[in-house]
Amino acid sequence: MSDTHAEAAQLAFVRQEPIPPAPPPVAEAGIVKWLRDNLFSSVPNAILTLASLWAIWWLLSSSMPWVFNGVWDAGSLRECREILDGATGACWAVVRERWAQLVFGVTYPEEAYWRPATAFVLLFVALAPVLFPKAPRSLLPFTAVYPFLAYFLVWGGSVWVPVMAAAGFVVGYLVFQRLVAQSFAMGFFGAIAAALVFWWVAGFVTPTLTAIAPITLEAVESRNMGGFMLNLILGTVCVSLSLPIGIALALGRQSGMPVVKWICIVFIEFIRGVPLITLLFVANVVLAYFLPPNSTFDLILRVIIMITMFASAYIAEVVRGGLAALPKGQYEAASALGLDYPQAMRLIILPQALKISIPGIVNVAVGLFKDTTLVSVIAMFDLVGMIRGPILASTDWNGVYWELFGFAAALFFVVCYGISQYSQWLERQLQTDRR
Amino acid sequence: MQKSVFLAAVAGVGMTAGVASAATLDDVQARGTLNCGVNTGLVGFAAPNAEGEWEGFDVAVCKAVAAAVLGDPSAVEYVSLTGKTRFTALASGEIDMLSRNTTQTFTRDVDLKFEFTGINYYDGQGFMVPAELGVSSATELDGATICIQTGTTTELNLADYFRSNNMDYEPVPIETNAEAQQQYLAGACDVYTTDGSGLAATRAAFENPSEHVILPEVISKEPLGPVVRHGDNEWGDIVRWTLYALIAAEEYGVTSANVDELAEGTDSPEINRLLGTEGNFGEVMGLSSDWAVNAIKAGGNYGEIFARHIGEDTPVGLSRGLNAQWTEGGLMYAPPFR
Amino acid sequence: MTSVTEPPRESFRLSMLLNDKRYRFYTFQFVALLLLIVFMAYLGWNLVRNLAILGQDISFEFLGTPAGYDINQSLIPYENQDPHLRASFVGVLNTLLVAFLGCVTATIFGVLAGVLRLSKNWLVAKLMAVYVEIFRNVPVLIWILIIFFVMTAALPPPSAFRGDDPSSTMLFDAIALTNRGVYVPKPIWGAGSGALAAVFLASIAGAIYYRRYATRLLYATGRLLPMVWPTLAILILPTLAAYALLGGPVTLEYPELRGFNFQDGIQIRGSLIALWFALAIYTGAFIAENVRAGILSVSHGQTEAAAALGLRPRRVMSLVVLPQALRVVIPPVISQYLNLTKNSSLAIAVGYMDVTGTLGGITLNQTGRAIESVLLLMLFYLLISLSISAVMNLYNNAVKLKER
């Protein structure tokens, strides 16, 4: 002990505090380290990096002048070329001139453009409480009203048609409330019957009501819908319709009743086994044979029927996955509590199973939304149909491919990427819930 | 959730249409609009303009029928159809008449059970090639790549023509005229074949129409005309005689400009019967007596319609040729109004 | 005698059909069956009435009548006087061709992108993420059309190769890239090519035998024989020697511009390329996600355990991570193959003559037999997807057995 002290005393200098840490070598800090770690950690990696850089440069250098040197103001491709005078540049003028047609189609009345636009904006308000757990619950009633409001806005006509349709649901719900105490089946079928009777009666009352209180918007027929609006309508309508059907099919496929089970299995496997395009052919050229003679189902309605069938088969499989993922204990616990099948499903199983399947359902919805472009193959003027048909056929814009398809791709990318980001966000939310 | 939209739509359709009857005329009058099937886009014949209004030679026939039946040429719902969808749309009742450069053939008339109500354009299938190829006859096309619209009679004619001339070719099937145009212009096919009128219309849309030649050979007869469902003869008569009224009007010199004046009565009994000042032809068909006046006012007589949409002064630039009045050496020959 | 008292035997009441669990089971099924039958009968009755009104019937006789149209790409001999049935079959083969090519290419794209997305190289990983997101989120129909139009617009027509000073030339004097498609040399199997093929087959067998032998040796003695180079040598050298000995039995037929088109060689049509490439690139983006998820699903402990055993990184990948990842990856990838096959029906948008183009397209149009054609079309696709599902189930069962 003392020895050391003595030695210390003999020394001329003793450092009292530690040396401050030296800055790391240049190659091991900041951006250089990051570059070395992430881009140039080895020779193959460096080659890969350089190749990627070259690819990015090539892509940008060949596309950016074209994009930013674009002509926005011209009446035809010929004018565009004259303005550009040999320089590279896009002819965005086509998007500008045909903007309304690309979004709303050829025949939707121009003075009514605000209606689908409003419906589109309100869609987000209506969806908020369903999609975001933190959104105010007070919006839920609006969500319930929204489908009828959207129908009124987009299709127009007498306000009493959607009002009566909504009233039918209310009547059905009231009947269900009364009868469900006796048995679920009684309530369920009673509600359907009541709603149907109500609608049947309403069919006679509506014209009178319209005459008394003529609150109407200019009626627009389905066949006048087109452009991106048609894609959005088909997407939202078919997904919303296919949800209940898909859940019913999934339950049917899980059910212990062999007849019900096999009906569901055959339906689901059949629909999933054929491409959507053949179903659209059915809507287009075959379905009319199976409907009563002289019935006036127009093409868009037939397409909605077929796409809804298509989507419900896929949603059924997603929901079935959710049902299968629930631990068996949940089913057993529900039985132990003495709940019967409808109660167990409604109160215990479905809420949990649906929560698990939401990301899957969103994926199906994105896929379906992309698939709505297939209707252009059966000569409907959706966004792609508008481009391939009237716009490219016109003398003015014959030959403007990049700009139009680029625009279409960008629109779809924004919507689909947005939804898939939402789905990933939701997946993370759900995961933290369970841990 | 939006089940209601669907149900409401069904309910709405049910309410407006009521119980549809078998007679197309009653349906059209009850509905107040004529559902007319047209091409998805062929300049001059049927194409929506920048304002989204349909116009063209085939569209004018729809307008004339709507004017004759409903008194309003704008009361038409246009349903655009491809070669594939047109007949099903007609058979299923989605449209009341088809006016989409449709060739009258035995099979379509007899086997597919449709009724052709006259001919509004006598056409024939031809070939268009770039002038720089130096081809002057279709017989020099051995080994060529040929763009063709699928679902049309042209496909079969082409196969027949090359088989009977012992030549080879490679078909490039294309769904729409616009895409065929693009393929042809880019040189992905050497030849584009379709009806002569379609070739002229397509060429008119090119940047340099003079760089393309239409070969002299016409390899088929393509009488094009409006089509209705088999079995509803009253409706077929209306469409047929509306077309004849337009053709007869040209023959008698009735135009959209002077029709009002002539409708007050003339010295010519033929014109008087046509315009309803003599006889009751309109009532016999279940229409008003001034049906033909309305039809002619809608877009003019046959000659005016032709000149406005596809005539020599338009970009399409078709000459009358076979479609001139019979008095001028053509085939347009309306039966007498008697 | 059982001690459990039986529930009192009630006499049957009508309400028991709905309220008693035993009877309700049958009531519901009966009602479901009845509804199904009524629904089907309704559709059938409508069909009969509609057909009567239109004066049509249902008959498959049209399949035997001459088709009358030509098909540009056919894997079997076909001319326009052959019956519709043969035309449909040509279409079926074309569908299978594009589906096969698409699946192979999509797998390559998908695996590459999926693995590179997990790369430590930040730039490459981001680039792959961009690829996956862009292609996944835009409809495949738009991709097919874009690639088709771009090919038509960007590549030169055959006439550009003509003349003394052509604006385009063939690659290596052998491959011509035109907007009608790509022309590549075609092998001509001359005399002695049978022997050549036999030698090649024999060397494949030899390579397999060598690998088996090396594995056995490894297990028996622990001696590690080199694998890659000997295998390649066994595969290639004998065939090359045979080729030289036989005096070059296989020659190449080069495409040559004659008349309007390139003649000879193999033509890969623009429509096929557009469809093939678009489907591959689109499905590849989905497969990339499956591959990524599969690799991530193998827990890190596995990699560390393998490393602790002293395995080198390459072996960790091939012996530990991949086998486990594949079990997760393969089922979704097979369903991607199924999707690709179904999406190949979009061929109709670019005029590729697959079964939707022949049977569901031209045949349907020319004969007007909509119901029959669409029915046959659906049955064909159903058959394909059921067989793919069957394969998938077989695989799943095989994997399951190993697991437990």
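Read from first to last, the chains carry the letters A, B and C; within each, the first residue is number 1.
FYI, a residue touches a chain if its C-beta (ideal position, glycine included) is under 8 Å from a C-beta of that chain, and two chains touch if they have at least 3 such contacts.
Quantities reported herein were computed from a predicted structural model and do not represent experimental measurements.
Placing every chain at the mean of its C-alpha atoms, the farthest one from chain A is found to be B. Taking B-C and A-B together, the pair of chains sharing more C-beta contacts is A-B. In whole angstrom, the spacing between the mean C-alpha positions of chain A and chain C is 27.
Centre-to-centre separation between chain B and chain C, using Cα means, comes to 43 Å. Put simply, the C-alpha centre of chain A and that of chain B have 40 angstrom between them. Counting partners per residue, chain B has 84, 88, 91, 175, 182 as the residues that reach two or more other chains.
Chain C has residues 53, 149, 153, 348-349, 364, 370 in contact with two or more other chains.
Residue positions of chain A with contacts to 2 or more other chains are 285, 288-289, 293, 377, 388, 401. In the complex of the two chains, the chain C residues touching chain B come out as 53-56, 68-72, 80-81, 149, 152-153, 156-160, 179-180, 258-261, 263, 270-271, 348-349, 351, 353, 357, 361-362, 364-366, 368, 370. If you check the complex, the residues on chain A that touch chain B are 78, 97-98, 101, 106-107, 110, 143-144, 147-148, 150-151, 155, 157, 161-162, 164-166, 168-169, 199, 202-203, 206-207, 221-223, 236-237, 240-241, 243-244, 284-285, 288-289, 293-299, 301, 304, 377-379, 381, 388-390, 392-396, 398-399, 401.
The part of chain C that touches chain A in the complex is made up of residues 18-19, 24-25, 28-29, 32-33, 36, 43, 46-47, 49-51, 53, 119-124, 127, 133-134, 136-142, 145-146, 149-150, 153, 342-343, 345-346, 348-349, 356, 360, 364, 370-371, 374, 377-378, 381-382, 384-386, 389. Listed in rising order, the residues of chain B touching chain C in the complex are 83-84, 87-88, 91, 107-108, 111-113, 132-133, 141-145, 150-152, 155-156, 158-160, 162-163, 169-175, 182-183, 186-190, 229-231.
Across the complex, chain A is touched by residues 1-15, 17, 20-22, 40-43, 47-50, 52, 77-82, 84-85, 88-89, 91-94, 175-179, 181-182, 185, 204-207, 315 of chain B.
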